[in-house]
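Heads up, the next two complexes both have subunit A, just with different partners, subunit B and then subunit C.
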Partner chain A sequence: MHCIVTGGNVKVLAKAVHSLSRIGDELYVEPQEDGLALRSVNSSRSAYACFLFAPLFFSRYSITSGDNFRCKMAIKSVQSVFRSLTTLEKTVEKCHIDLDKQKDRLTFTLHCKHGLLKTHNLSFQDSESLQAVFDKDSYANVFRAQPRLLVDTVVHFPPSLDEVTVSVSDERMWVRNHVEEEAEASKAMLTELCLASDEFDHFAAQAHNSVTFCLKELRGLLVFAESTGLPVSMYLDEPGSPVVLSVTDSVLEGNFVLATLSDDPSLRKNSSKGAHTAAPPPPDDFMNDDMDSYLIAMDTSIAPGPSNTGPPPPSLSGDTRSKRPAAVSHKARILIEEAEEEETDDLDRLPNKKFRSLFFGSVLPPSSQLSTQPMTSQEVLASDSEEEN
Partner chain B sequence: MPLSTQSQGDDEQYVLVANLDNARNLSNILKAITFKDHAIFTATTNGLKVTVEDSKCLQANAFIQAEIFQEFTIREDLVAFQINLTVLLDCLNIFGGTTTPGVSTALRMCYRGYGYPLTLFLEEGGVVTVCKINTQEPEEPIDFEFCSTNVTNKVILQSESLKEAFSELDMTSEVLQITMSPSQPYFRLSTFGNAGNAHYDYSKDSDMMELFKCTETQTNRYKMSLLKPSTKALALSCKVSVRTDNRGFLSLQYLVRNDDGQICFVEYYCCPDEEVEEN
Partner chain C sequence: MKFRGKIIDIACLNHFTRVVTTISKLTKMCVLRLTPDNLFFVLSGKVANGGVSMWCELSQANFFDEYQMEGVSSEDNEICLEVTPENLSRALKTVQNAKAVKVKLTKKHCPCLTIAAELEMRCVWGYIHLQSALRTRIQPQPTLSSVSRVVTHDVPVDVIPRRLWHEFKEPSMPDFDVSIYLPPLKTMKNIVDRMKNLSNFLVIEANLNGEMNLKIETDLVSVTTHFRDLGNPPWGDDASQDGGPSQSRDPESMVEARVDIRRLQQFLVGQQVNPSKAMCNIVHQSVLHLILLHEDMSLQYFIPAVA
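Showing the complex of A and B:
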């Protein structure tokens, strides 16, 4: 692979790397026919981001077609190449990115003013494919706003805040901080903002949903959007279904996919490890969801049937990909992982790992991608048991 | 003014008396070499030289010529003592180091000779402080035997571009490798860190390169921990000269302008890291 980024695009690339660093510790690099994909995922697989830079973003973009090359490296190393953004803007004229497969090195060469040449040879590891499956076009609620609107909204929440809940109706969007049920009422501070539909460039709320997701990872995208001035599109669906935020222009596309908590508060409280069947689902959906979940479980060949742990508590629709795993525990903001944080029961862990593969693969019986997924998930067993934040 | 009238009569007792209207002209330059507690002060009729050393491999010298001082009187050919540099700097900044324009700390430095403390009279806004700092037997500064005749490669760069490189250096690298050559890459700084290696190349045609005189290709490695303190001197300077001799010893000379626009010099000498063979 050999590509050249010139002028202001170097800073855009740098900003994309910096915003990916807010998601995970590793940068996945995959030169594709349709552009260079830079991806990152957090350790609990509850947040995923991908920037795709079209060939036109580069002044030169050449890859060995049919190569299917992908690698990953510590994102800090790439950040060190683009350390000072202000200096980048002022002094860097162009940036060459070259892949040396023999030496397992990715070389970034920055041609700067005054005849200064900075060369960074970064070592990488081969990596598995990292691709989240999401279909934002099928989402019920779509919004688009200038980044300033979201930045101004988010600024009201303390940096330490983990989760926000976004609720939408026909004309309004509410953003409030999410407070755990267990938190003491006297110590909790609730902040809620209401945004009217006319503050958005586009506001289409077909389903009045309320989703809760992690704010920290969103901030990464906002920093990027604000600096590039690109409007942010937000795709919301039911709780449990990941929220997708995108920035697009003619030469790049950035997608941040964040898992959401699936259940409403009453369910969450009672959900506990191993007690899937015991968890009382929302009364109105109880019977249906139970059946749905069970049927879904039987359908997918991946999951060995949650029979030993019981069907996961309800999701509101038949969308198998995103629903099921999220419902398992009350910290279910993570689509796949959620149970890890609360559960130590091994039995419970297994199905969840399989669920992760649903997120990243397809629900259809084994494809080449899928064959690697379960392996990956099993490999990651140990690390996924770590607490998120 | 109160300082000079006070000690007129005492002057004969001192082997060294140095006056500065602005103590910052001394303290700023000393900060560029404060990586160890102790420093050797050597005074001659030319002025003051302050030396700091580290593990017998690194030496930093700050030169403050006699002309910088409003008064510089020395009654012996050579006056030398060792002193705690950190304490000295604390005293020089005793009034808090205010940067209000027009307000400065005046300094009168007096030394009676061997065994006596260094006496500092500091005045600001009519308030006078007297500090007496104990001195020790001066150690002989290392003679790196670095002489111009043995210099193989020399470049003079504007500090601005080198500052950028030094601020970005990969600190996970144990060494800083310097390559100087009459051909490509001309002048290269390299690091070998956890993530991979990085090279900063300065072309000989760069407008930042004021002088380029390289006679042979040389690559030398120096311990990063030893060279890191030189960044302070680099930050203060406007130009830096980088020289290596036939043994691979490194000499960095920094041209520093003080508050009044006067020129002082700071130099660093460093031994090459022995473990690596040159290629």
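Showing the complex of A and C:
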């Protein structure tokens, strides 16, 4: 893989990395045909973020086609490459990103003013593919707003606040902090504010839902959106279904998927039993029924989510082949697709590739991503005319 | 029991927020006493907080444009609430640019002080970018839409029953030996910060000649900072409570109080604005009484001396 980012886009890339660092500790890098994907997920799998940079974002983008390369690395190391944003803006002219397969290294070379070259060699680990399954089109409530609106809303809540509840009606959106019932309800301060529909660029509330999710991870997206001035789209559905926030531009797309509290008492019961009961069937949109294909294998290092979300989820270390329920604890988990790298079985490889194209939004406007028809070929928006190997 | 106040003036809101923030830096919990004319933030000296006590008095007319209250009864026309000032401070800080802020005593899941703010009109500007062919001519077409938004913060409080009100009365002026104006608080704070690294206790001594020393002493080192020409407040006839100890005192002789340095530092750290007058009264080896007078509020802080 070899790509070059020039000018102001270096800063945008840096900001994306910084905002991904608010989610998890590791950065998953995956160069794809439709662009470079940078992803991160938190340890409890309740927050996932992905930035996809189209080939047009780069002044040069070449990948070895057919090569399913993906890796992960400590996000702190990548952050240290792009440490000071103001310095980046002033001195960096270009950034080269090269993959050295032999040495398992990803090299970031910053071409700065006065002929200065800063080279960072970051080692990576092979990783499983990381993708969240979500379909923005199927969501009942869609909103779009200037980032300023959301920043101004979020400022009223203390930085330490974990969870916030968003409720929508036809004309309004209420945002208030969420307080666990069992906790000291009498001692906690409650903050609430109300946004009118005309403050949004787009406000379509078909279902009057109320969802609760973690605010902390959202702030990373807001910082990115505010600095790039891109409007933020918000997709809400019923409790338990993750909330999706995204920023889109012609050359990049960022999606933050945050799990929401599910208030379904039956799910709560399930979790206390250890969640080995039959799972609700996942959305009926996979092309094949092969269980192996949609593994929701979790990391062996499972940490429970924020302390007030009830019993910790059961460890899923051993059995990666069993199907896991979508909502493991009463905090619904994001359905995450992870295919084990070790699976050299071609049969298994193939459906995964298809999943990637099905479930991951390219820079095309979100068409039905979960169609049951196989997608024959994806329209190449921006071919890299320089490198047609 | 009812309370309803409204602040419209931005400067008043600013001052009020600063007062509450100062209080929040001094103590985690305190008592708020509401009377028809005043608000008091009170901390009574208990062992739990190291015997430190505080009394802060504000005249409501200086802050509130509207103020209505109905106390527990007509004879006891007062409301006493236990509150966490940090919550109040946090709520107020986020609404600094509000058109109006209402503070009300409400009952939600528990008694609360509700701070409801109407935030200023927001303007939303939209830009229309012409197509790339005409990229050179980007014409901003501002669309002005003004909305005002309401934010509410519910700060839980505990109502203090009447039988406990005696604990939160105004402290009487101690029979001090020396009263002296303080040096600039920032200077004091810097010195106390440095001294805190060396020792847990600090001796503050002063005399009637406008001289004050801050001393720490450990096995290895002793450090003293001397202040001169501070001036002594003219208490006049107030001072002669018991045959005028200050009159007969030798102006050169020092009285001292040895206090926990962290308490003194906490007091100094919390001060955000320079007061009009800052002074302290020392009762020899007994108590250090700090008094700050601002335009619109007065703050008294008592630190007991340790052996």
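As a working rule, the second predicted complex is superposed on the first by the 261 of 389 C-alpha atoms of A that agree within 3 Å, B and C clash if a C-alpha of one lies under 4 Å from a C-alpha of the other, contacts with A are read in each partner's own complex, and residues count from 1 in each chain.
Rule of thumb we're sticking to: a contact is a pair of C-beta atoms (placed from the backbone, for glycine too) under 8 Å apart; a residue touches a chain by one contact, two chains touch by 3 or more.
What you are looking at is a predicted structure, and each value in this text was computed from that prediction instead of being measured.
Three-chain overlay on subunit A, with subunit B and subunit C fitting side by side and no clash.
In the superposition on chain A, A:T87 makes contact with subunit B only, not with subunit C.
In the superposition on chain A, no contact is made by A:L20 with either subunit B or subunit C. Residue contacts after overlaying the shared chain place A:I75 against neither subunit B nor subunit C. Superposition on chain A places subunit B within reach of subunit C only down to 9 Å, the least C-alpha distance between them. On subunit A, the positions that touch subunit B within their shared complex are 73-74, 76-77, 80, 83-84, 87, 91, 105, 114-123. Of all residues in subunit B, only 161, 164-165, 167-168, 170, 185, 194-203, 205-209 touch subunit A in the complex they form.
Listed in rising order, the residues of subunit C touching subunit A in the complex are 84, 87, 90-91, 94-95, 108-110, 112, 122, 124, 145, 147, 149-156. On the side of subunit A, the complex with subunit C involves touching residues 146, 152, 155-156, 158, 185-196, 198-199.
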